[in-house]
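Sharing a structure, written as structure tokens. Questions coming.
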Amino acid sequence: MRVRAIIVHPPKPGVEFTNLELETTKLKPNEVLVKTFFTGICGTDREVVNGLIKHATPPSGRDYMILGHEVIGEVVEVGDQVHNLKRGDKVVALVRRGCGKCISCKLGRPDLCETGEMQIAGVKGHDGFMVDYFIDDSTYLVRVPDSIANEEAVLIQPLGDIVKAVNTGLGIANFVFPYYCEDFTYSCKKAGIIGSGSTGILFAAYLRLLGFDVTLLNRRDPTELEAKISEGMGAQFKNFNKEEVKELDLLVDTSGSISSLYRLAKKVKPKGLIILFGFGIGDETNVNSQILTDIVYKNIIIVGSVAHGKAHLQEAVRVFTNMKNEFPTVIKNMITKVIGPEDSIEYIKSKQKNEIKTVIKWS
Amino acid sequence: MRVRAIIVHPPKPGVEFTNLELETTKLKPNEVLVKTFFTGICGTDREVVNGLIKHATPPSGRDYMILGHEVIGEVVEVGDQVHNLKRGDKVVALVRRGCGKCISCKLGRPDLCETGEMQIAGVKGHDGFMVDYFIDDSTYLVRVPDSIANEEAVLIQPLGDIVKAVNTGLGIANFVFPYYCEDFTYSCKKAGIIGSGSTGILFAAYLRLLGFDVTLLNRRDPTELEAKISEGMGAQFKNFNKEEVKELDLLVDTSGSISSLYRLAKKVKPKGLIILFGFGIGDETNVNSQILTDIVYKNIIIVGSVAHGKAHLQEAVRVFTNMKNEFPTVIKNMITKVIGPEDSIEYIKSKQKNEIKTVIKWS
Amino acid sequence: MRVRAIIVHPPKPGVEFTNLELETTKLKPNEVLVKTFFTGICGTDREVVNGLIKHATPPSGRDYMILGHEVIGEVVEVGDQVHNLKRGDKVVALVRRGCGKCISCKLGRPDLCETGEMQIAGVKGHDGFMVDYFIDDSTYLVRVPDSIANEEAVLIQPLGDIVKAVNTGLGIANFVFPYYCEDFTYSCKKAGIIGSGSTGILFAAYLRLLGFDVTLLNRRDPTELEAKISEGMGAQFKNFNKEEVKELDLLVDTSGSISSLYRLAKKVKPKGLIILFGFGIGDETNVNSQILTDIVYKNIIIVGSVAHGKAHLQEAVRVFTNMKNEFPTVIKNMITKVIGPEDSIEYIKSKQKNEIKTVIKWS
Amino acid sequence: MRVRAIIVHPPKPGVEFTNLELETTKLKPNEVLVKTFFTGICGTDREVVNGLIKHATPPSGRDYMILGHEVIGEVVEVGDQVHNLKRGDKVVALVRRGCGKCISCKLGRPDLCETGEMQIAGVKGHDGFMVDYFIDDSTYLVRVPDSIANEEAVLIQPLGDIVKAVNTGLGIANFVFPYYCEDFTYSCKKAGIIGSGSTGILFAAYLRLLGFDVTLLNRRDPTELEAKISEGMGAQFKNFNKEEVKELDLLVDTSGSISSLYRLAKKVKPKGLIILFGFGIGDETNVNSQILTDIVYKNIIIVGSVAHGKAHLQEAVRVFTNMKNEFPTVIKNMITKVIGPEDSIEYIKSKQKNEIKTVIKWS
């Protein structure tokens, strides 16, 4: 089958819209053929395209790789032994595929891979999903109810990362000592999120859903759209260069900026939690060891978190459904552009003004 | 009763050896009178003495405070309703006393106090134990078997802090995902400890007891005594300015040096754990946000930990017994000097050359 | 205000439809006035009505109590200091109110009350919700999205109990050792649920949502409706008097029948989990101590679970939303009758043929 | 080498003292040769000898098996690649060896084997240790300090089972909700232990060490020795046929008697824990389903527990050291007889009057 695709040649920079031949006549027993509906463009795609990810590599034996890891599609063909999916099912895909060697990967947690040999669809050793159709092992697909399978569903994959990060962090905090408020909810808890991109917004929406008082933190005032989105979920937006940030029970960094983090980490209360999620953006700052006294004396816990396992992606489908139900305008407003694949190259190369999430429509 | 005591006037600097009157004729029902055997001198004592702890304050309504929080003594008198202790029992004392307001303190965890209003014996609002006799609520005392109640037992209190830090850290790591090796022990795990003072040594000894491969890390070569102590527990000692540090599963900082920590944190493996224990020593370093990528991409967890609850101190008594049994020379070699209280002032004021732990003998 | 209500005189049997005067002019600062939409009738209501609950008592100083604990309504008036709710919000109510003495109740967990002095709306010391309007402390109310606030929403309260039971059980199982399958989901796990009443169905639906293979177990064939409901969520229904039950990873008892449980407990696999949820129905059986060998040798964990805390009820709102999205016919089919309060007495007195959930419509 | 051994022919009954040839000249790289000092006789040995264990089988390809799983010995020869042990080390041995297939066994937890194909030294598919010398993979041996390597050390292996059971149970209880007292110890917690054999006593001693108030429960008055042992650790002994048992926070069954358990389970408080450890002894009792109401309404958790992993055995070495230090007469009094292997057959066949633990001395 002739398919349209967006391909890269990692670790070299560059990206192309092209045509490829996809062999679809002989599915393996556990494989399915998926018709792509929509793919999202994210920061990692741009890093691959701009040659910034050193470990980015094409699948073994090839010099190109299909880009993209945020996808929603429909199963159109199933192998003989596929039991968890059937034709017509809408699906999202797992991005990491285990190394097969370490105990994390053997237990379905390639997000915790110890060898660094896991594959990452669209990034490292495995094709991504910016293509009309793709074949995948059904193990790596998660069903999505038809009712939410539109262009917004490209957000489910990044939400999986966030579900893992938050559930791990709050799980730890409550494991060490009750972190819940005295009414056994998070109603008294204040969360601050550094960065107001799509990741920051999804963190905010999930924490709002869980009952936190949430503030999005940035070095600038919100755009009109950001203000509308914050309001849509009952969160605040604060320019921390102008306004004072109050004490926090939970600080999430999605910015990757060490200077922002260093400044705001001091606001975290005793028994507080810090979730690190943003990859470093290259900035530097002078850090005084007084920060160690602060973290030690307050018994603060810091959790670095990347990627997710399959249960997290399943939970993300449910959380996404709840978000749409609770904050209907928020998710809608996050999709700032839907374009055809033939028009997508410039959007893949660099972030557009006021963009939150650009989606490529395949069919 | 006329007693000898070492007193301070926090937050002002200064320390005196003096005589005080202790009212011992009317114990409250839950109180006991303890005869002090030995007290240890630690870095926090020196910070109080040198006016470096801003929150250091004498007990309410007084301008002086008895110093010292590492103690071993004997119960010589008990109140009418004391059930957990009897005359002749050897005891160590809890240092933190709850604020009575926050849920942590109400559940016996003043180490996690949320208000900052807990008291700290010998430091903040409560007399310490550098005195011939002291009266205390029996709730704050933990019995120690006679067989280990000598000068070395002043190490049990700081060991309580370490037991809490390690048990919390390993508890978290195993809670998130199995952190144990494939033989369900820590036999494959490598720990590095920054700092080789008494705290670093106790961390090393506890981790050796648990089966870790342990390296003490410092910016210099070991002293003869440090080399002997390391060998006595089967640990390595490495000058990380000269020798390369291998990958670590667990990094503990007892130095409070941000520059050392920043340098060595990069050695921590995926799924690794960092325990922060040392208070900042005032140094600074330029930090690049690449460290965030490292922590995020490796799913590293960082745990700040200070002080301990009563169960930790009880466990420290048992761990101490095991350490003495497993590494008999280590604990013995840690006590570098035993002096009388009248000779102790200079030792309290500043750390001596090659000192690990100086102990004051009271009776 | 004159309101219609269904009242009981516990612990005496009997139930009446009557009119009461409700004082609504002076809300306390934290109170809200709620207009009742629907209330569900459940087995516990019938036990109260039939005088079978010894600890059932009216509110202090009264000889009658309003019945009912499954409710959905709308906030129509709010006190001066209510921040979490506003007029027009749809709400469900917490049933248990803490004793104010034990640590469980102080931490918002009256489901774990240690003194037995907690109140239970509609059962013990606190009015229930089978009334046109009721006043409640806003702390005990949880907001529900408008989109799901119909007659089906009376199921959210019992679902809260089930969310607590399942989350506690699976939390424990995974805490002890990874209980997830090797793909980090529950796709390989088989659950059996004894009893096919509304509770059994909600357990089944929640476990299906989480990915379990689920079988409803009863001593008889399914009714037509039960068969339809099972099919609607992809579960099986098995008459265990006729068909063999295969090995189970999770067994839930909602029947309260010791003879059924004893028979099926033997099917639980090594590392398996048993959740006990049904109150004893009075049957007896001869038990051989061989069952102890079975539980011990297989490291089986058994969790008794009743009631829930506020976070569980919040989670139940989200889970309910997901159930309706995933298994739309299941929830709809569970509501077998909607009646007016004036017609409800016979339904409250005894379970009707083929009834799953009868709902009283108030407005 | 000619060695003396005690052998059985499972699943057939019978036991013999005999001589065997042991090939000791070619150790595999990871093997060690151990000289047996002492072996303990336990109930499971007697069940093997009396043909009561259906799954008991000799090692593959043989019709006999060396009996015994409680051992203390000395390493006398080490393979080329043994790093964790050296000549002269005193060791105890792990009894279970993984099936190599299930995730439990792959993670060092054959105590949780899911296939049932694990081996059990002296019971199922693997030789035990009632022999002058034995060869073992060093992975399955745990070092014991010389100071405790006498005849009492045969208790360390069963103590491993108890450490696992208690740590799992208390871990779960505290995971669900704080189970500790308000002083963060177990000082307010009451434990009852059904059965006063060596297992019951070890449970009691461990729980006393952790601070519980402990009562040994039996259907008869204590023997003189049992009274002395109870007193030696500050525990009570109660004949529950004569005396009333008070409410319990923790109930441990080591008796395997369903009738005793059923009777005493009713004494367990809300949020209480029951640990099942004893294999069923064949008795029966009529159980009313009211017990389900009790377990459900009190949120009781029941944990079945058998065997242990390597970390538990390492912890047992430390706990044993502490027990000897805290309750010196208890452990000593538990060893009621030390005999030579040639005199041991009658002791292996059946329990002697007033026996607690009989030990066979090999060298």
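When the chains are written out, they are named A, B, C and D in that same order, and each has its own residue count from 1.
We take it that contacts are C-beta pairs under 8 Å (C-beta built on N, C-alpha and C of every residue); 3 or more make two chains touch, one makes a residue touch a chain.
Just so it is clear, the model here is predicted, and its values are computed rather than measured.
Among the pairs A-B and A-D, the greater number of C-beta contacts is found at A-B. The most distant chain from subunit A is D, comparing centres defined as mean Cα coordinates. Averaging Cα coordinates per chain places subunit B and subunit D 35 Å apart. Each chain gets one centre point, the mean of its Cα atoms, and the points for subunit A and subunit B are 41 Å apart.
Centroids of subunit A and subunit D (each the mean of its C-alpha atoms) stand 49 Å apart. The set of subunit C residues that touch two or more partner chains comprises 103, 106-107, 109, 175, 178, 182.
Those residues of subunit B that touch subunit C in the complex are listed here as 103, 106-107, 175, 178. By the touch criterion stated above, subunit D contacts subunit B in their complex at residues 84, 106-109, 139, 145, 147-148, 178, 180-187, 209-211, 309-311, 314, 318-319, 321-322, 325-326.
Across the interface of their complex, subunit B is touched by residues 103-104, 107, 109, 111-114, 116, 168, 171-172, 175-178, 182, 253, 256-259, 261-262, 269-271, 276-306 of subunit A.
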